[in-house]
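Consider the two complexes below, in which chain A is the common component and chain B and chain C are the respective partners.
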Partner chain A sequence: MDPFAMLGAPRRFDLDLSALEKTHRELSRALHPDKFAQAGASERRAALEKAASVNEAWRVLRDPIRRAEALFQAEGLAVGETNEPKASPAFLMEVMEEREALADARAARDLAKVKALGAGVSARAKAVESRLTAGFAGGSPSRDELAALLPLLGELRFYRRFLDEVEAIEEEAEERALAGARGVSP
Partner chain B sequence: MSQAPSSGLLEIFDPKAPPKPIGIDLGTTNSLVAYVKNERPTTVKDCDQAALVPSVVHYGDAGEVVVGKNAQLRAAERPRETIVSVKRFMGRGGDDPETRRLGPYAFVVPEEGAPNVVRFAVGEKVVTPVEVSAEILRSLRRLAEDELRSVGGAVITVPAYFDDAQRQATKDAGRLAGLEVLRLLNEPTAAALAYGLEKKQNGKFAVYDLGGGTFDVTILVLDDGVFQVRATGGDSALGGDDMDRALAEEIFRLTGREASSASPSEVRVVLDLARRVKHGLTDADVVDFESPFGGPGAEAGAPLSIARARFDELVEPLLARTGAACRRALKDAGMKPEELDGVILVGGATRVPAVRSWVAKTFGKEPLGDIDPEEVVALGAAIQANLLAGQGSADDVLLLDVIPLSLGIEVGGGVVDRILPRNTTTPAAARAAYTTQEDNQTGFEIHVVQGERELAADCRSLARFTLKGIPPMVAGMARLEVTFRVDADGLLSVHAREERTGVEQTVSVKPSYGLDDDTVEQMLLDAIDHGEEDLAARKLAEVRVEASRVVASTKKSLAADPDLLEPGEQARIESAIADLEGAISGADARRVELKIEDLDAATKGFAGRRMNRAIAQAIEGQALETVERSVEHAKGIEAAHAESGPLPPAPPSG
Partner chain C sequence: MAYSEKVIDHAENPRNVGTLDKEDPSVGTGLVGAPACGDVMRLQIKVSDDGVIQDAKFKTFGCGSAIASSSLATEWIKGKKVEEAEAIKNVDIVNELNLPPVKIHCSVLAEDAIKSAIADYRAKQAAKKA
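Up next is the complex of A and B:
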């Protein structure tokens, strides 16, 4: 299934998500199994299958990483950690340092530092997204262009994991504050 | 004024009136049935004008089964034979921790090889939660039939946080009760539907649903008739019952008795007393009562009391548990509490003042409570039943619900590979590809789990099966594709296929917790053996209704899109319709079923083309708003159809 075709969206990275959400909703209105409760089995099955595909397409396109993966796949490239080039040693080094800094900030319960590290990484994620936008802006990129863009996927995944961790630490701090307010020791 | 009674009379005495669809709230503590009457949802009341039927089932010595208030009256005297709050046991294994909590029941350990479900020993009999729930549903069906004569399909509500096994058990109970289950509907979504249609207001809402035994929180957006659930969370073993238990433990403390030394009837008596104290504390600051029995702390009949402040303290840890789920759901929905336009309260336990003030504090606004929190779910279910039966007027209403807990497969090292994450909109489908770990591996063991934890052992096991018959290959060569499908009821089906050899087994999934289809079928036959109805006559009536519906719907489709028919297709479909109509006028149920299948086969291609047209039209409708982009889109579609994308890669098989 090509999620772009399913939702009638152009094959690019920077999609108008609010317009796509509307398209998803209109497609759901037309295809949802509830609308075919009185129909025959063949129509019910066809509608169920299409409605599931439409939902899957929307789930892929609204997530930057999965949307990028779908763009590479549409160009015939296999994605996933085993199919993509290994990250550069420089990037890996940088990443390790960032992770250590985050672990230290968490241990020191330094929430301001945690937030600052998160802001830094999310700015870098944005920069990577801009490169993907530019790379896929003019129709199909060439093989060389695609090869240059492919390592960005791994970077985006790393940033996602890092930001998830930042959120988990913030949540942990929040729960601790709430427990403290109730007079329960964490 | 003079009009209403006459239209009521017409409804009752019109012999041609179609069967009325109903909505059922199958609750932990109470259950209700509702239907749409003159475009308004209304609950069905019993002869005492009560809508709530206590979810209590008593199994008498003479084999009689009593449901509701009369069963409740026997609970104290016959605690083991009277099942209260059976919903807490739905879809659970015979060894579930739930069976070890404070309660008066005698459980039977399932025999080796028998389905792993909870079994209650009630006198001479052994019953499962599905059968107990079916008794409640049957009694609600009869209540509705008394008022409506003929009952059509039913929408049955379930807590949003119910997992697959719990949903399947609920659907089985519906079937066992002789109901055509149109849909399982999430309780919070039902409540939102009742509120949304009432208020015709767009916005973002939280539904805080604290029932007798389950807690759910759901964040949803209502926009132009579409109710889109953004996130849901909760705890399927937390509810008003836990408040009763906390109060019961307090009563034991006041009497100086150990709860563990109490007899089953004493436990029942204290739990009932606790519930009355809880209800009393809704309006009063202190509730006085007599000690139910003697103990080191109080003689039997000695005056005791519990104050609201003490109750609030007892309830506080339970509310704190709901808080974590609320924050998680808001985060999953990407919303802050202040963005919400309203908070809807559902469930009897939300009448407790401490709950209301806690909700107001957590969400920063006074909760809505203008529809009775104990009726709102059944009212919403009735609206949905009406819509599904094609009897509704609000054609543009649509509910888009989600999967409450992630679904995945156990891979190397006992780790879960998530295939459908929580909060994925249903219906949903996703595929994943795997490979073999060892040389000459001829089978794949597939373990399906549900939950958020990393390790399969910490998640709920839904099913296990093996795909066999794969020819020996070098490790990593085989390519297994697993497809997960979740339907609009939130129920999962799993399909596995080996790509290189084409070995494909429509594997029969043996549920880890729950009854297999044969067992349910047997229960159904047993229930009918008890002389309730003539099975053959009922079966024929059912397939005739189904067949007529299929014929009507097919004719409608033919009239709507004649240009999509291929040469000769119309003739084939029309001949299949004629055959089916012939079968309907006969008396052979099996023949009707076969002719339905034939018509189904004849319409397969046409149905697919109709769906494609529906998609194209919906996209076109949207494109009119954004004309420029639509030109780009159309070009993309042509190119994209040429080749479908490759599968996601095989995850590392550790």
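Up next is the complex of A and C:
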């Protein structure tokens, strides 16, 4: 399934998500089972299947990482474990250092530091997304261009992992604050 | 997903977590990552003059299986000759930890980390002789 075709979206990285959400809502409404109550069994089944595909397409396109994966796949490039290049040593070094700094900040319960590290990584993830936007802005990239863009997908996943961790630490701190406010020792 | 008991044991009580001095010429550092999931793993070895791995440390940011794979790897390579450590295959780790198919890449990462640490150690030794 090509999620871009499914929702009538252009094959680009920067999509108008609010417009796309509207398209998804309209399509879902048109495919709602109530609209097919009088239809034959096969037509009902077809509508149900299409509704499921439309939902899946929206879930893919709203998520930057899954959207990038779908873009590479739509251009005929396989993604995933064995198909993507290894991250460069310099990049891994940077990720490792940031993860250690985050672990230290967590241990020290230094929430300001946690937030600052999160903001830094968030900005870098945005910069990677801008490069993906540029890479897919001018129609289908060449094979060489695609290969040069592919490491960015891995970088986004490393950043996502980092930001998930930031979120978990922030939740942990909130729970601790709530427990403290109730007079319960954490 | 259900983890095997051995994975849980290693993930909750990881062995040999820490760092060795990466500037030390007898220390090899391997740094690897899995772009498909965003895990990063650092594995270090300290090798004696007669080529035996005296100490091994690791630091892994990733799932329980990735932590367990690297923890087990450090346990296994300690006391081994470099050549013996180099022969460890990811399937050995898979079998020991009963890793499910979706977690096999964690064991691949650990094998890569061992090899990359050994390569770094050898490069340092070669540079010393040169």
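Note that the second predicted complex is superposed on the first by the 183 of 186 C-alpha atoms of A that agree within 3 Å, B and C clash if a C-alpha of one lies under 4 Å from a C-alpha of the other, contacts with A are read in each partner's own complex, and residues count from 1 in each chain.
As a working rule, contacts are C-beta pairs under 8 Å (C-beta built on N, C-alpha and C of every residue); 3 or more make two chains touch, one makes a residue touch a chain.
Here the structure is a predicted model, which is why all the values come from computation and not from measurement.
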Of the partners chain B and chain C, which touch A:28 in the superposed model: first, second, both, neither?
first
Between chain B and chain C, the one with more contact residues on chain A is chain B
Classify the contacts of A:151 with the two partner chains as first (chain B alone), second (chain C alone), both, or neither.
second
A:160 contacts which: chain B (first), chain C (second), both, neither?
second
Check whether A:175 is in contact with chain B, with chain C, with both or with neither, and answer first, second, both or neither.
first
For A:96, using the defined touch cut-off, is the partner it touches chain B, chain C, both, or neither? Pick first, second, both or neither.
second
Contacts for A:80 in the overlay, against chain B (first) and chain C (second): which applies, first, second, both or neither?
both
Could you tell me if A:122 is touching chain B, chain C, both of them or neither one (first, second, both, neither)?
neither
Indicate the residue numbers of chain A shared between its chain B interface and its chain C interface, in ascending order.
80-81
Residue numbers of chain A touching chain C in their complex, please.
80-81, 84-87, 89, 91-93, 95-96, 99-100, 103, 151, 153-155, 157-162, 165
Which chain B residues qualify as touching chain A in the complex?
182-183, 223, 226, 228, 316, 320, 323-324, 327, 331, 387-390, 396, 398-400, 424-430, 485-488, 549-550, 552-554, 557, 596, 599-601, 603-604, 606-608, 610-612, 614-615, 617-619, 621-623, 625-626, 629-630, 632-634, 636-637, 640-641, 643-646, 648-652
Which part of chain A faces chain B closely enough to touch in the complex?
1-2, 4-11, 16, 19, 22-23, 25-35, 37-43, 45-56, 58-59, 70, 73-74, 76, 78-83, 167, 171, 174-175, 178, 182
Sort out for me which residues of chain C touch chain A in the complex.
31-40, 42, 59, 61-62, 105
